[in-house]
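Below: a set of structures, written as structure tokens.
Both complexes shown next keep subunit A, but they swap its partner, so subunit B is in the first and subunit C is in the second.
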Partner chain A sequence: MTYRHQEEMSPPPARRVTDVAITRFEHVYEVEPALMTEHVTQQSFPNWDTLRLVRSRADHLAWMHRHFAGKVISGEELLHDLDE
Partner chain B sequence: MTVLIGDPVLEELRGILGPEHVLTGKADRLNRARVPAPFPVHRWAERMPDLVVLPASTEEVAEVLRLADALRIPVVPRDGGTGLTDGAVPLRGGIVVDVKRINQIKEIDLGNRTCTVGVGINALKLNEVLARHGLIYPDDPASYPCSLVGGRIGTSGWSLIGSRYGHTRDLVLSFDHVLPGGRVIHVGDGIGRKITKSSSGYQLKHLFMGHQGTLGIATEATLKLFPKPEAEFSPFWAFEDYDSAYRAVGALARAGVATFAGAVLFDEWKVDYLRRDDEAYIPQPSSVKALVCAALYGYEDEVRAGGRRLLRIARSLGARYLGDEISEGDWAARHDRYATPLHGRTKSGQVVPMSWHCEDASINYTRLPAVRLAWHEIAARLRRESDVFDDWGMFAYTNGATGADYLTEIDIGIWEQRLDDTAWAAWVRAKRDLAAVTLEHGGSISACHGSCREGEVDLVPEELGGGYDVMLAVKRAIDPNNIMNPGKYLLDQAYAEEP
Partner chain C sequence: MPDPDERPEKEFAEEWRDAAYNCFSSGHKFCREVCPVMQVTRNESWSPTAFHANVVAMEKGELEVADVAADYVNCTGCGACEVRCPNSLFTGDFYRFRTRTVDLVKAVRGLAVEQGVHQPGWRRWNQLTDERRHEPVLDGTPVDQGRVRDWAEGLELPIGGESILFVDCEAAFVRTSVPRSVARILSLAGYEFGLMNEQWCCGGPAAEMGYDEQARRFARHNLDDWRAAGVRRVLVLDPHDYITFTEDYPRYFGDAYDIEIVLVVELLAELIREGRLTPHVPVERTVTYHDPCRLNKRKGVWREPREILRAIPGLTFHDVDRVSQWSYCSGGGGGLPVEKPELTAKISEQRVGKAAELGVDTLVSACPWAERPLSDAGRARSIDVVDLHELLAESLGVSP
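And now, the complex of A and B:
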């Protein structure tokens, strides 16, 4: 988190990904802002809160894996076995 | 029926349950008047119960039903309220019996691998306790964190990993059930609480599952337990066309891998929908037109061996593995689809808040392609008529380990705040048409939710044929005063005067 409020309220510049999505942080996508102007408008989020939401989601999914099984097997590892 | 404050009925209920467990406030009743399935919210008041009771035991439920039956007051059981066919929605006012206080773990029997619980417990919370013993109760709906065992019995629910462990009907061994007049019976295979197979007498367990609260209320259930899986594997694959993905999902499901817990096919409309809003799929190349995933659970050596076999099959059929991050993330999210915030698009592309309709027919594998096209035509018709509807694409989930049939789901976004009477009429017509396509292709209207919503319910007598007449006779015999969830499944016909 940065020290000044204004810095947190200034997200990095957007990069277009598709016709309907942009990105500002790595692996984090947003709906193209022009599509959120009539019925649902975009909210201003501090950068730390955007990243916190993303991390929380990842934590939740990791918890769900642990809840159902002791270990998750990697497909990339199994594919490597097949290629050998 | 309307119960007024001061009414003797209220006093009697307070005497049975204690004053704090009889709720008459507007918020208490409004919150128990709907389920997540989209409906015309301007008609919310039509679904209001007169009051809500919160019993704590089988005996209290029995006393409430005895009183309601004597006074002919409608009763609607409510568990998590997560069902998608309006089972927990009162159509005639009356009393909502909310069972959330009946949520104790009564016994964990390690020797027989069972547990006995109050039906107000949630599987996620139960599994947190069972994990201490290395066990799991693997009933895994999309509402896993919020649905309750009693609701799963009332709907005879479907489980995401049912191809490995069975569905609710297989996992619930027996339960205490309060009949409409207040009599308590125990139903299972034979009389046993923990018996997994009996041929003694009629098999009543199935009769008292999936009735949507029209035959009474389950209160305490004994459940089958399994070792908590040592390992999980959930590969996701991309395909360049639907036909290749369709062939692959069939081959994976028919492979006979013992740890196979399920496979899912995503069609082109679903991929288009995910490209709008889902981090995993927004960056995928445009060549990706359809997806398949599978899940395996068991001991690590078994899962690794089965996983290699499925990877080989998928690769031979043109699949591209999507990588560990997408595979693991998307599968974990499938246990908790009610937590997903939803929005749709108007025809001009503007984002609008929408609620989720999930059609859930059972369709044989060989009929999936034809049903998919017919259903999307219906969704396209709705979309042409109104911006209130948005086609979110289709999934097909294996129902069992042999790949015979699939829970076939078309997701349609519905803008509830704009769902006026005209749009609702169009929706009910579409629901009827979706069900008609299912029956034309030899399917069943519902694999999971039940089929008593407006529109679909009109075709239930056609689906069941002579069996529907038996259903009417059973309803009349068990609930002679029609107090249990009246208005559902067109069962009022059971009480029509003979001409």
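And now, the complex of A and C:
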């Protein structure tokens, strides 16, 4: 709740997931930072901003579901339909 | 003829080109329908997409800042376009690179002022702020340094201390019952705090209108004042100040910025959760809540105000979810009401119209700057606009 600059600018330690991705927050994946040093460099990203986007995405997807999804179909069902 | 590589626009574009191409190469305009200015004007030159495309044109030498400076007035800094843009919402955290329309608009305004291109209303507003140390909030309201703590008369609050309450110019000089309510509530909960020794405007409005040097000077003054009084924590009731203290000040002062910033709405929700505040006086109103752009869209703060409202007995609360409200705005931010009050009024009318559809008698606001345009629009539809802090104070049985 309290904003503390030092804390915001110190993200949790990164754990490698694949050659090109890391993770710092649970279920949140990031591109390997070394891949963004030449053409486009990464922006300053305080922790609150990462979490704001992650939560906004979840809220937005839930909102889209509520407004536009008539029914939810599993991937398995879709594949089954394609096979037929 | 000036060397094309030394054009200020060229230098500017070097800094902003990646952010601009991030939009220009997508250009899918998911941002359009959530942009309040776009909604009421349908002017493509005043769209987030255009704000980015202009940077590409500046880089290529097709445009000077003087050609487009007036277009950049048309933005409330609400942040809807940023959060709705797929390049933020779906990939921003992945790449640690997101759409930066709000910062870009501020930066172009800064470039314009640097080049001597002024908007008359903004120039005057910032000149007066510079002279008085506070914004000239309402014609006729005396604004000067000697009166900045007048709102607290009789509350017997100490000066300085570990935690201080920062009160924005609108609340300190015009909406004085808002900070008085906040002070009474915090005292009721036994939360200790004081006031600043010599508070100046936070500098945020100057930064938003492009007067960067002034913004930094004001920020420096406030930080020095806090340090001199041994302040560790600043309580903030205004969402605009909250942005200034958590985004502008860190950029100005870097790692040396060691002041904790606490949003009052979040603190109050916590005090209710902990049982240190128990709203008990019924407030018989049918309300909806207006998410201030700077809390909901720009900071992701939307739960706590609703928690407070749900704790107030007697209220009938017709909530509109936070995602639907990404496209709502009061029109009161980003200096728009200073230069284009007619656009602010249109945006507010539209917002109050949404409230009217719900059949409510009250629109609850949590931002002193949103309140004035919303109240003007509310009068036409017999909808009261009431401040969240004041509503809570009423239910706690404390009068301002």
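The rule we apply is simple: the second predicted complex is superposed on the first by the 65 of 84 C-alpha atoms of A that agree within 3 Å, B and C clash if a C-alpha of one lies under 4 Å from a C-alpha of the other, contacts with A are read in each partner's own complex, and residues count from 1 in each chain.
FYI, a residue touches a chain if its C-beta (ideal position, glycine included) is under 8 Å from a C-beta of that chain, and two chains touch if they have at least 3 such contacts.
Remember, predicted model here, so these are calculated numbers, not experimental data.
Of the two partner chains placed by the overlay, subunit B and subunit C both lie in contact with A:28. Residue contacts after overlaying the shared chain place A:55 against subunit C, while subunit B stays out of touching range. Once the two complexes are laid over each other on the shared chain, residue contacts for A:71 go to subunit B alone; subunit C is not touched.
In the superposition on chain A, A:36 makes contact with both subunit B and subunit C. Of the two partner chains, subunit C is the only one that A:2 touches; subunit B does not reach it. Look at A:18: by the touch rule set out above, it reaches subunit B but stays clear of subunit C.
When both complexes are overlaid on chain A, the residue A:81 reaches subunit B alone and has no touch with subunit C. Residue overlap on subunit A between its contacts with subunit B in one complex and with subunit C in the other: 28-29, 31, 36, 40, 60.
By the touch criterion stated above, subunit A contacts subunit B in their complex at residues 17-18, 20-21, 27-29, 31, 35-40, 58, 60-62, 64-65, 67-76, 78-79, 81-82. Residues of subunit B touching subunit A in their complex: 124, 127-128, 131, 136, 140, 228-235, 275-277, 279, 282-283, 297, 300, 303-304, 307-308, 311-312, 315, 321, 323-324, 327-329, 332-333, 335-336, 343, 345-346, 349-353.
Of all the residues in subunit A, the ones that touch subunit C in their complex are 1-6, 8-9, 28-31, 33, 36, 40-43, 45-46, 48-57, 59-60, 63. Those residues of subunit C whose C-beta lies close enough to touch subunit A in the complex are 18, 83, 88-90, 92-98, 100, 233, 245-246, 250, 255, 257-258, 260-263, 266-267, 270, 299-300, 321-324.
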